[in-house]
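Below you'll find a set of structures to go through.
The following pair of complexes shares a single chain, chain A, combined with chain B in the former and chain C in the latter.
Take a look at the complex of A and B:
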């Protein structure tokens, strides 16, 4: 287990370093000189020189890269070009909103999707299986940003049940949850169908195994067979998929944050791209990638903890 | 994830006179699949409406008619008009052309690149395999939109950039599939025989492995079209893709979203073709997969 953990951790670190490297090369291959892009065309040569020295832009690129890596390792993501605030501080404020949205979206998708998948695997070709099948393909085919727009149109503008924008008043938990409902619905909808399909497929496979047949032969109650013996095994591939699909989920939260005008990391990236505030973009993209890598890591570790077979094949 | 591979032609291949009937049987299976047929009809509609957009359009998609702005559907404007009085129905038709272009170019370039990289990873030395897998994992660790935002920040929005993003983010999917299939074929007897006859690596890869790998990849390509179309629409919606005044489903949705309190018709008209296209390709891809490669069902 420890060996597996070590290998997996090393891989995560390598992926983060590669991603940071790719991002760094991209940011430094902008046509033109980063100083004039950061400061605008009207900066005086003295200001430009001071900025270049401060950001180590007068040093060779590999030197800059290691400086940047070193800073990141110390939790320093650089400074906002406009406000001079540390980027890490800004992101620290925004990250909880993004995580809350991602967790809420995934949470309701798991709460609905996994039972649906189970039910349709227990009674294949029943009406519930058919409805789930059509529903899951349908929800997978609906782009989440379209769900966001259409749900605003339906629930906020036409029916006036839900607030349109913002994340609710600070400190007022009920209001914040109220503002979370529509974005979480939009981001999670595609996942309901996705999870239902995955759980259905792996449940069908597990239900055909010999040990399930034996359990039936021993006369165990069907509910016990399904929930105690089949589901924990069937859910393993789904955990991996949630980890891998988390990047897609983050893309969904970016759209939801922009459309619903919620604070969050995705929105910060979008706003700062438009404002050409590169240190913030760099830091926020880095945090997003790290978030993704950590989630896949947790998913993999969870699976290997639950399923000893995985540890040996890694 | 289960190993995915097509049947190798040697040994398992049916007798020649039977091959025809197998093909006919598969065609029959496909024709009897209602979801597949529904998908096929939607896909044909997508192609026809995009290719013949000038024929079906009732107005010039760029012609302004300010007095008639933000109107609802009428006999003259079937889907209403936008904030500048342009005909939404015609703009949606022309938007389909953008989607078609991005989907066709993006999917085919990604498919070919992914195929070659995946076969190299599967057939080449171990270090190359490990390196390519690491690169794919790194690409996958960027959420698509975040990658697109970073790229647009540097290069400015354009359709070419959308294409590049689509290609880069979808290559790993094809490459992984090609790699798994290649690994499964690598040590089969017919490849071994070919190698002992002195065939070059290129010959083995392109003449013997590729035909066995390409089938599942084409199905994946059909199922990838919705992803690609959605990325284009999503980026254009954010103003990072196709630029106004060019009509794209994303720009129509963007403009419609800004005036959503005045008229709901634009976000409805801009969204419906997007949903129909994604549904069509998803149904078609699933039906093709069920008929031709039931094994792929678990892999995806």
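Take a look at the complex of A and C:
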């Protein structure tokens, strides 16, 4: 297990460095002069030159990249060129909101999706299975931004049950949870369908295994067979899916953060790309990549712990 | 000591229970905005800087500064004129180059930076002469300080719009000399000292909260607290208003058209100004467009009524130049008709049938729609147009010689500028010095240059009107411009709030009050 962990950690570091490199090149390949865009048309040549020097934009691109990597290694993500605030500070404020949204969205999707998948597998081709199938495909097909807008129209404007904007008052955890409900619903809805379909397929496969047939032959109660012997095995691919899907969720939160005007890393990336505030974009994307790699790593380790055969295949 | 163990099966069971537990919870009561003494408004973007010398875009920096910082004059409630600010005992224009002012005593800067004085005024305006907004101070010479509270602003030439364009606008903000020098003479989003009815709490990308300034000795604003929430998406802003979470929000032309048909309960619309002018530019130096008959034909072929109806849902005003409605020198109609038949005849006469051109535009829905209408219009006269939508980065530098060679390939483009409440500001971008900077149509005229200088110095309104009308005629005669629209800055706000806006479309939140 330790050797497996070491290999996965090394791979994670390589992935992060490569992803940051690709991001860096892409960001600097966008047409347009970042100095003139950031400072506007009225900036004097002196101010433009000072900005370029401050951002290291007057240096070769590889030099800028290594400066950035060196700073990151020391925990320095740079300074916001507009506010002069440390990028790490800005991201430290934003990241908890994104994580809370992603976890809440995934949490309710797991809580609903996995039981639905189980029910469908236990009674295949029943009305429960058919309704679940229709709902699953329907929710998968709905883009999260559409769900966001519809949910605002229904729950906030028509019924006036839910708040629309912001993340709630600081220090008021109940208010913050309340502001989390609609965004988490919008982001997580598609995952309910994904998880239900995934668990159903896995469960059907496992329920056909010899050891399940033996359990039935021994007369074990059906519930015990499902929850003690079938589900723990069937859920393994789902854990991997959740790990990989967490990255997708992070990108999905961008829409929710914009539409619900929530703070978050996705929204800060969106805003700062438009403003060409390179240090914040670089820092935010780096943090997002790192988060994704860490979550994927945790999912892989969990799967390898739950199913030791996986370790030997890496 | 108990050893903590966790089996695989136990982990999965715990995770399942935890997930189910996450579903349970209670729904607390919701609190809506504008209850009591708190006003909640929308800011559509984060602020890069509040420094009057270096801010980018009027909203939201001006909205914030007018709550926190002193200035000698403010925009009045109902027209484009100025009124003395709450910071002055008196201010008067003594002649065409001298403005006397006397500050109210006892207005204190935050952070122990002393009293607001005439020295602060002199320091702040002198500093602007070297700032990125020095264009607003083109006529400013100096401030002669008379005593602690009084002084005289001296202009280097008569400059009619100085009060409304310079002092009342965001560039007329006064800083504390002591505090600003202490931080090196420049700042971004944290003013070194404030002196206004509010103090600010700013959380990046989330909100700006205005709270009462305990040291403020002037008149109290109607709303003790103002919460400015960053809502970058315009439609989300409109929805938040409908849900009762915002009291005032700037909206798009799409929402404006919708609300004109049916207003939300307790909603009211205010058009804060239409100081935007949009046109289709034509590169007069491009070989494909060198024949003036082709440019004239393009001017006559564009159906602006269809653009206003199709792209702006009828909410924008047809344009006839760069001077916006309500300003001196505004024209009611362009000097060319909409006449596709005559345009087609001109194209045939020039032997340009089958011409292919590119039309570049910002990648915004209204503009792309407008570009597509123009594409169809020009197709009717035998010109094939390829619409090229661009993001703001490449768009804003495509005509600038200092940013590469794209300007050489420019043919047609859609452009929109914002203006201040005086015609001078709009004309400054088209003088000879601006060719290859912001004059992408690449023409110049001696008469235009003379009129530009004359317009700055002229104080007679009727004479100024003649000057600026003629300047727009000169622009039009180059064949480099197809006037399109003046887009309004529209806000939706609670009907029981009397909202006040600057002519340039910023909120004067300290003047908001219950109606």
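Please note the rule applied: the second predicted complex is superposed on the first by the 276 of 314 C-alpha atoms of A that agree within 3 Å, B and C clash if a C-alpha of one lies under 4 Å from a C-alpha of the other, contacts with A are read in each partner's own complex, and residues count from 1 in each chain.
Assume a residue touches a chain if its C-beta (ideal position, glycine included) is under 8 Å from a C-beta of that chain, and two chains touch if they have at least 3 such contacts.
Small disclaimer: the values here were computed from a predicted structure and weren't measured.
Applying the stated contact rule after C-alpha superposition, one finds that A:261 touches chain C and leaves chain B untouched. Once the two complexes are laid over each other on the shared chain, residue contacts for A:152 go to chain B and to chain C alike. Residue contacts after overlaying the shared chain place A:110 against chain C, while chain B stays out of touching range. Of the two partner chains placed by the overlay, neither chain B nor chain C lies in contact with A:53. Touched residues of chain A, counted separately for chain B and chain C, are more numerous for C.
Once chain A of one complex is fitted onto chain A of the other, the partner contacts of A:131 are absent, as it touches neither chain B nor chain C.
Legend: residue contacts after superposition of the two complexes on their common chain; A:23 is shown touching chain B, with no touch to chain C.
Of the two partner chains placed by the overlay, neither chain B nor chain C lies in contact with A:6.
By the touch criterion stated above, A:61 is placed in contact with neither chain B nor chain C.
Taken together, the two complexes place residues 30, 149, 152-153, 157, 258-259, 270, 276 of chain A in contact with chain B and also with chain C. The part of chain C that touches chain A in the complex is made up of residues 8-9, 11-12, 16, 19-20, 22-23, 25, 27-28, 30, 45-49, 54, 56-57, 132-133, 135, 188-190, 203-207, 229-233, 235-236, 239-240, 242-246, 391-394, 396-397, 400, 403, 437-438. On the chain A side of its complex with chain C, the touching residues are 30-34, 36-37, 39-44, 47, 82-85, 90, 93-94, 104, 107-108, 110-112, 114, 149, 152-153, 156-157, 160-167, 174-175, 177-178, 181, 228, 231-232, 235, 258-261, 263, 267-268, 270-271, 274-276, 305-306. Of all residues in chain B, those touching chain A in their complex are 1, 35, 134-135, 137-138, 140-146, 149-155, 226, 230, 233-234, 237-238, 253, 256-257, 260-261, 264, 267-268, 271, 274-275, 278-279, 282-283, 286, 297-298. Chain A contributes residues 11, 14-16, 18-19, 22-23, 26-27, 29-30, 137-138, 140-143, 145-146, 149-150, 152-153, 157-158, 201, 205, 237, 244, 247-248, 250-251, 254-255, 258-259, 266, 269-270, 273, 276, 278, 281, 285, 288-289, 292-293, 296 to its touches with chain B in the complex.
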